[in-house]
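Letters A, B, C and D name the chains as they come in the text, with residue numbers starting at 1 for each one.
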Amino acid sequence: MIQPVYDFRSDNVAGVAPELMEALQAANLGTAAPYGDDDYTRAMQRRFSELFERPVTVFPMSTGTGANGVALAALASAYGSVLCHPTAHINVYECGAPELFTGAKLVGVGGGDFKVGEKELAAALASAGFGNPTRVQPFALNLTQPTDFGTLYSLQELRTLSELAHARGLRVHMDGARFANAVAALGCSAAELTWRCGVDLLSLGATKNGALNAEALVVFDEALAARIPYLMKRGGQVLSKARFVSAQLERYFADELWLRRAQAANRNAAGLAERLASLPGVELVAPVQVNMIFLRLPQRALAALRSGPFAFYELGEDIRLVCRDDQEPEGMSRLYDCVRAALGVRS
Amino acid sequence: MIQPVYDFRSDNVAGVAPELMEALQAANLGTAAPYGDDDYTRAMQRRFSELFERPVTVFPMSTGTGANGVALAALASAYGSVLCHPTAHINVYECGAPELFTGAKLVGVGGGDFKVGEKELAAALASAGFGNPTRVQPFALNLTQPTDFGTLYSLQELRTLSELAHARGLRVHMDGARFANAVAALGCSAAELTWRCGVDLLSLGATKNGALNAEALVVFDEALAARIPYLMKRGGQVLSKARFVSAQLERYFADELWLRRAQAANRNAAGLAERLASLPGVELVAPVQVNMIFLRLPQRALAALRSGPFAFYELGEDIRLVCRDDQEPEGMSRLYDCVRAALGVRS
Amino acid sequence: MIQPVYDFRSDNVAGVAPELMEALQAANLGTAAPYGDDDYTRAMQRRFSELFERPVTVFPMSTGTGANGVALAALASAYGSVLCHPTAHINVYECGAPELFTGAKLVGVGGGDFKVGEKELAAALASAGFGNPTRVQPFALNLTQPTDFGTLYSLQELRTLSELAHARGLRVHMDGARFANAVAALGCSAAELTWRCGVDLLSLGATKNGALNAEALVVFDEALAARIPYLMKRGGQVLSKARFVSAQLERYFADELWLRRAQAANRNAAGLAERLASLPGVELVAPVQVNMIFLRLPQRALAALRSGPFAFYELGEDIRLVCRDDQEPEGMSRLYDCVRAALGVRS
Amino acid sequence: MIQPVYDFRSDNVAGVAPELMEALQAANLGTAAPYGDDDYTRAMQRRFSELFERPVTVFPMSTGTGANGVALAALASAYGSVLCHPTAHINVYECGAPELFTGAKLVGVGGGDFKVGEKELAAALASAGFGNPTRVQPFALNLTQPTDFGTLYSLQELRTLSELAHARGLRVHMDGARFANAVAALGCSAAELTWRCGVDLLSLGATKNGALNAEALVVFDEALAARIPYLMKRGGQVLSKARFVSAQLERYFADELWLRRAQAANRNAAGLAERLASLPGVELVAPVQVNMIFLRLPQRALAALRSGPFAFYELGEDIRLVCRDDQEPEGMSRLYDCVRAALGVRS
């Protein structure tokens, strides 16, 4: 018998939610105009406008990197820069895609808990050299919500950072690859998390929460929307049969499906993290606010995990555990037990 | 009762083949590593190696423009050019994506029937200014097979053009958005149509032949493969849940499904074109070799079509009719009758 | 004794006009702010405003390719195209610089005598696909005046082409590497040749007419000027000691120096061309309107020239002869005699 | 009488050294092939090979930003990064030119005294994610020598950093805008400072030390040289009358001129800095190793300087004073006295 592997690598190792698979099937009927000019996409558009409590323009895509690249390109000037946290996904894990799509420079702005800090942003803007032609000119602030380390900006933080950015003419882009997890954790509405806090453009990911390569670029400023179809095409991001992404996204937000899944994933991580953190020598690298846990473990615990039936990523000395909504309780228990035992703690 | 619309706009207005929908379902089981490092992708890789009768490296993507962009980027030098027919898809309908992905210049090389001509290619290479630093240096020849006007390069033409290109150090990229239709029409093997004719890289589309946003970049020269994952990421082309594209592609080539569908589509177009071309004043703009028909019609016939229950694209003075494998016979008959009647020809 | 070589390769093989060398010396006094924020540059600015009979903004640079790149970048949109003649300098001899500076695609528009034709431009605009996101969107029309084949747009042609371009939202860029030769040949004013004909931006070259790497980007629309210092810096085009270019340009237009030199160069070419064209079998490839002669010669005449004391460029089967203002009369006579004798014509 | 302004803004506010002006005049004789294919450029090439004690390939240009951009472009891969100090000139003061020329990302690597540190470089390389396609792949290490804050890498530091870089396949680019000042300060040879320490490519500036917009790209690895003419053209960096830059550079290194000037400038700065630093409350922001002084002054001293006959730049709270070889002794004394008096120190 093959030993089961409990998979903590990422939430995108999961399959597709049955409800979304059904939506795919339902959309497979008759012909439809390609490239997003179809009724499924229009229905999705309406659904998003309901969700966000205002008219929004939405573009279906299949990768988050593509959505981020197009979003930033829609804002870019030819000699510009995007301010972001040094650990931002766009700065570290997209192999230069934002630079390719925009021609811009990414400039790191520090801050605690892997978030752009208010003071740090103010200082960066003060020394950015606006109007000095030897300096790149900032045009956008990127906020990854949740961050790549699973931390969250509060609504107040988002508002303050957006105001600072807007005051200097920058637009605000939110990278919401785990948007549902953020909404679930903060207990706010989608509108509150975004445009009501000053967000101009949102990359909203559904893939990590049960969709089949379904991402959306949500535009809160209509004036920005006109250029996006061109930028998508130029970036190879226009889907021939866009209806199959749109139909998923429409269904995703048709009821509480998206929230329930994200809440479950967050809950799984919170429970596991709490137990692990109670062990001696186990250190949380970042506060656990959504479904991601970053740990530093004593060597013997790490060694035990490596030889156990667990799949997870290591980042330098740390390990990352990501929980899905359907993370096996047995897997979580066994992982905890494995670390506990290695550390010589009695159960 | 709503009058049905017979849809001749494109083959990508179709839904997804039932067999491929089943493959999607079957792949929705358990967790899998993201970004193409999964068993479905490995199985697809093996399937392609069988099909092409040699080891190939295959990368699953969701758009043809993305696959083309990455393919050309894998060949690009920093001050280079891609030779292609002026009407090539990459030159006209990708909104500058090849230029973005490569940084290169696209240089048109003429030829009859919308194909790069042998003489024209020889002349372009002779006057390209190799070694002259004021001139961009050609690094690739793009051949769209079938062309955007539905014409086909013969195997002999492909061989000759590839030899000319290789002799000057260029690599050969085939844009095969309708690859199955080309193989079906030429009655050759996939191997014969590609690397046996000198093709180095192939963008192979399955979407227009029944897949759900499933395209593949097929690499026949292993040395080129190493850079492609980076170029894909940088272009926002790496799918989080790649298995759902790979599973389709594996199934697509598992039996004659792909060929049968393409043959049917080609046959539909051939039959319709033959009937239409027999009418007085109806002119074929290009020979009908796959599933696309380009017509110039007398004004009264065009007017009749426009007011009939037909959907199709107009390109300047011409119209384009594309047939799917499941094009409704009734729709084809009614379209023919509509033109015939408008031209005053008795049935 | 070494046989002298009569140099017909280009007008940029010449040295520097004594008047401009003196201006360089005169500017070598005291300190001055770098990067163009100096009194010499301001004086040059005033001189250009006089010359063009209106306020203009002028940026000193050292290469024409740089000036062209920056000019087009100032107009560029992210998914745009520049319309130009297929033989335009920017399309053939700048190794992709315009594409690098702009990210845009260059799209060829045909026409006789190496000039963009009115009908051809109208057709290109009609089929450009404005508003279609699969197509690059034209933002500029480039007019090379004189063309790389030494032909000239008439003022009427410039007006018509500019109107067509402006009507579709394109801006007009004139590449005037041999601006003085054009003004001299047309007998018009600098204003008449440019903004009065609808030109929005001018790359004005002085180097080919006696300056030491002195070029200017002249902006007729103030709204465009603000972005240019950034685009120059980003393109490595901002000169540390800009005053030494500005001082030359100020002197260049301080009196008739620029015109006298250009008139002399044009006259030399006209005389030589007339004599050569009178010989049997000698064919002018393009009308000789400035200081450039393009000839197709019988093989024996070509062979004779090659073995004579002449330096010139060959372009495929043609040869190019460019005359400077101080072209040696003896050299021109000997060149004519060489061809004449080879063709067996008595003197 | 106008009060004289003592100019401490930069060394590029200076004019042109008389010896170099003479070299310009001497080069203004007869015709010469354009674009660097001339005898002056060949002589310069030989002179540099002598200076560097080995064959080198040298390309004359007119801006340091251009030389840096081309140098890095010669090394670039399509999904690459350049490691440099966060304060590096290429990272801060070139308005994105390196990114434009290379398509690469600049990644900051910290270290004391504005220099890349050995430990920091080792850590950056260890966590760079070589072989991970989500991460940009480093291809070059940029070392600014002297740094923009006037500090110097020792030969030992250069060797160590180069070895670390080479061991991971990176090439080493030195930005030597003030190359002469560095050689003068370190008392080493040009060879010792560069290729003997592992430098692969050098941007060598002469403009800040008395030349008229004369910079050179010096290539120590012949295999890199072949692509550079194309990259220069594409970047608008090829000078039409290159001989006038080459003639200056040849003369610059023909005797000790370059060193004498740099030594004098360094000496001026050292003397002034020593006196200023002796005053209470005056803080040197960086060690003064070449001709640049960075100071933090008490407010009253700063106010006094601002209202005195002095020109200088302010960077946030600091001021920068740069000394030329011919900095007026009176100006330096008056500046010192001004600060001293403001601080209430008796002379």
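Keep in mind that, in the parts below, a residue touches a chain if its C-beta (ideal position, glycine included) is under 8 Å from a C-beta of that chain, and two chains touch if they have at least 3 such contacts.
What you see is a predicted model; the values in this text were computed from it and never measured.
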TODO: Moving only from a chain to one it touches, give the least number of moves from chain A to chain C.
DONE: 1
TODO: Compute the centre of every chain as the mean of its C-alpha atoms, then state which one is farthest from the centre of chain A.
DONE: C
- [ ] Just give me the whole-number Å value for how far the CA centre of chain B lies from that of chain C.
- [x] 42
Task: Geometric centre distance via CA averages, chain D-chain B, whole Å - done: 51
- [ ] For chain A and chain B, let me know how many angstrom lie between their CA-based centres, rounded off.
- [x] 34
Open item on the list: Quick check on chain C: which residues sit in contact with 2+ other chains?
Closed with: 79, 94-96, 100, 103, 133-134, 230, 233-234, 238
- [ ] Indicate which of the five shapes (line, ring, star, complete, other) describes how the chains touch one another.
- [x] complete
Open item on the list: Which stretch or stretches of chain C touch chain B in the complex?
Closed with: 79-81, 92-96, 99-100, 103-106, 108, 127, 133-136, 316
Open item on the list: Please output the residues of chain B touching chain A within their complex, sorted ascending.
Closed with: 7, 9-10, 12-16, 21, 24-25, 27-34, 62-70, 94-97, 100-101, 207-208, 212-213, 230, 233-241, 244-245, 311, 324
- [ ] Note which residues of chain A are touching chain C in the complex, please.
- [x] 73, 76-79, 103, 133-134, 137, 227, 229-234, 238
